[in-house]
Amino acid sequence: MRITITLTSDFGLKDPYVAEMKGVILRINPNATIVDITHQIGKFDVRAAAFALASAAPYFPDGTVHLAVADPRVGTERRAIVVQTKRGFFVGPDNGILVLAAQSQGIEHAYLLANPKFMMPRVSGTFHGRDIFAPAAAFLDKGIQPAEFGSEVKEPIAPEFAKVKFSSGLLTGEVLDVDGFGNVITNINEKDLFFGEGKEFDVELAIAKLKIPFRKTYAQVKPKEPIILIGSHGFLEIALNQDSAAEKFNLKAGDKIKVKVA
Amino acid sequence: MRITITLTSDFGLKDPYVAEMKGVILRINPNATIVDITHQIGKFDVRAAAFALASAAPYFPDGTVHLAVADPRVGTERRAIVVQTKRGFFVGPDNGILVLAAQSQGIEHAYLLANPKFMMPRVSGTFHGRDIFAPAAAFLDKGIQPAEFGSEVKEPIAPEFAKVKFSSGLLTGEVLDVDGFGNVITNINEKDLFFGEGKEFDVELAIAKLKIPFRKTYAQVKPKEPIILIGSHGFLEIALNQDSAAEKFNLKAGDKIKVKVA
Amino acid sequence: MRITITLTSDFGLKDPYVAEMKGVILRINPNATIVDITHQIGKFDVRAAAFALASAAPYFPDGTVHLAVADPRVGTERRAIVVQTKRGFFVGPDNGILVLAAQSQGIEHAYLLANPKFMMPRVSGTFHGRDIFAPAAAFLDKGIQPAEFGSEVKEPIAPEFAKVKFSSGLLTGEVLDVDGFGNVITNINEKDLFFGEGKEFDVELAIAKLKIPFRKTYAQVKPKEPIILIGSHGFLEIALNQDSAAEKFNLKAGDKIKVKVA
């Protein structure tokens, strides 16, 4: 049985950087199955990378090694770590990119990536994805124990996401991400909601008060009409049927969202 | 010997959606070889997805499972199906996306994807690519018989493409696709043509009458000069050498094309 | 142990062309591990493809077969070749795309791809990536000897890159590439430099005289501040911390760069 390594980064697909990481992995472990989560994270957007990784990781097999890099402080004193969970491993900079995904699997330990035996012979100052994280992922995949990489890290850094608040009948959250369809994904979880399907809500956005129907899927409203639903990751989503809600409502990651039951 | 699963979608590469399908497949079948055909189909453009899939499928090994999703009616009453051909399997929504490619392999049977045993435990209303199609592809790849997924579907939906017409010396077809080079691919097949290489044709486009040489490859005319040829999929193509014919002639998918022998 | 085939092209990811090459490879060799280096080379930009391939190839395992296509003269008299090096194989058009990468591995022989036994049964005039190069790569991967493809080619074509010059205290080079971060990668190698880390240089660009600090990594200057460093491939790089130096200094591939020690 072959083990999977996933890659998440802000490297884009134009440059050879992602391929270099894959080459390094295959040199150490020719049987690795490598899957891209995405390389089109906004440059240095650690939060967006953390969210993409946390979205995709639950669907991968037990034992998967997840490598993630959006690393504005590469080559400085920021730490390189591996986080071991009940279901797998997360490798990358200790800047919050790993912990959202790792927490949902149950974190067991975290260790520094400090052992030069598991790095490229020459480590550049600017590309730890290739020189430190890729070899670490490949060696983990081959069965090297995470404790062999370095000393234990007690509190790996968690990314900051706003907490959903509820007061006087209003749920206040924020936009986590806008996907390629223009769907606006909020941090309001289905568990935060206490109203059933078919109800209509008043949704207060920063820009307008709108009454939007809450349904199960996009095509339950007419094309270009707004809808609110629980998206495929369990978060409340503001969408248009076959069009971009982000454009129509001028929303982007980080914007505040208020939801009121009508 | 490892079996191949191909993926075609309008999901783009920015979001984690494609990776989630791959994770689901690898959880069920860690030995699957997964190949992306494209994920940059125009949003909800079922016809373009059908064309891309039909272009690529002939080059894949016997037994390949092709998963395709451009699915404006996800979560509604539209059916989810598997089409079994003489050479492989096609999995996706029953909206025309599968049948163009499947027909050219010889369709044997089609079945509903209705058996929850071969779905994710919890099926979302908005992401059947991950929750229904990906597990179906992985189980087919493991040898599950297509009839185990559900009852037979007698007439899976075929996509609508204009037929090529010939009258009074004029071939009338339409633009199937514009590729990344700006080459304009029409639905006029080389079998529709009865003139040989080296001849010059009069080509009537909607916007202009042009006399364009018919040759074998782009570099047989000067850079930026127009040429007509039979492209690598057997269709008549309007191109410029090293430049975009689509831009120069303002052509897009669906536009009418008339060709007249000079 | 599975052998790797890499793919580099200007085909983009929207069209099914890359997938067709992969299908052809997997039909011949179902156990191939296929890795994309990039398919977003500028259309027909042979030099940029040569540079991307030369950047990534050193990181791949011994025995890797590298297929590269940016092929403005496909279907004409330009030759199709395989270059055998001390560490692997390079397959593509004989237009300079292969030799930069191959040279750094030590070229042993080059041969024509002329044997129809190792091509698609029907070779199109416009898509040799699929019809000639992909089958050649797959057969090499299966152990076919390169001499079986055709007669020896004595001098495969090398790409033209400007040489770095040094006179009266000034190093003169050129921009090789601008990466997705806007970092400006020059052809000035770290061996061309004789000054140590921490020094400050005067860098004369075509557009402005600037005094830019020479450091090890981006975050050693403030966000949006300029820095010069040795990038991860050993070349002098002009960068901004977390912003685009190419945009700020209006630089692109081919532009002249002059560096003067302060």
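First chain written, first letter: the chains are A, B and C, and each begins at residue 1.
Please note the rule applied: a residue touches a chain if its C-beta (ideal position, glycine included) is under 8 Å from a C-beta of that chain, and two chains touch if they have at least 3 such contacts.
Owing to the predicted nature of the structure, the values given are computational and were not obtained by experimental measurement.
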item	value
Copies subunit B and subunit A - interface residue numbers shared by over half, same or different	different
Superposition of subunit A upon subunit C: rotation angle, C-alpha, nearest 5 degrees	120
Inter-centroid spacing, subunit B versus subunit A (mean Cα positions, whole Å)	31
Residue numbers of subunit B (touch at least two other chains)	13
Residue numbers on subunit B that touch subunit A, as the complex places them	11-17, 19-20, 22-24, 26-27, 30-31, 34, 43-44, 72-76, 124-127, 130-131
Touching residues on subunit C, where the partner in the complex is subunit A	1-4, 6, 13, 33, 35-40, 52-53, 55-61, 64, 177, 179-181, 216-220, 229-232, 242
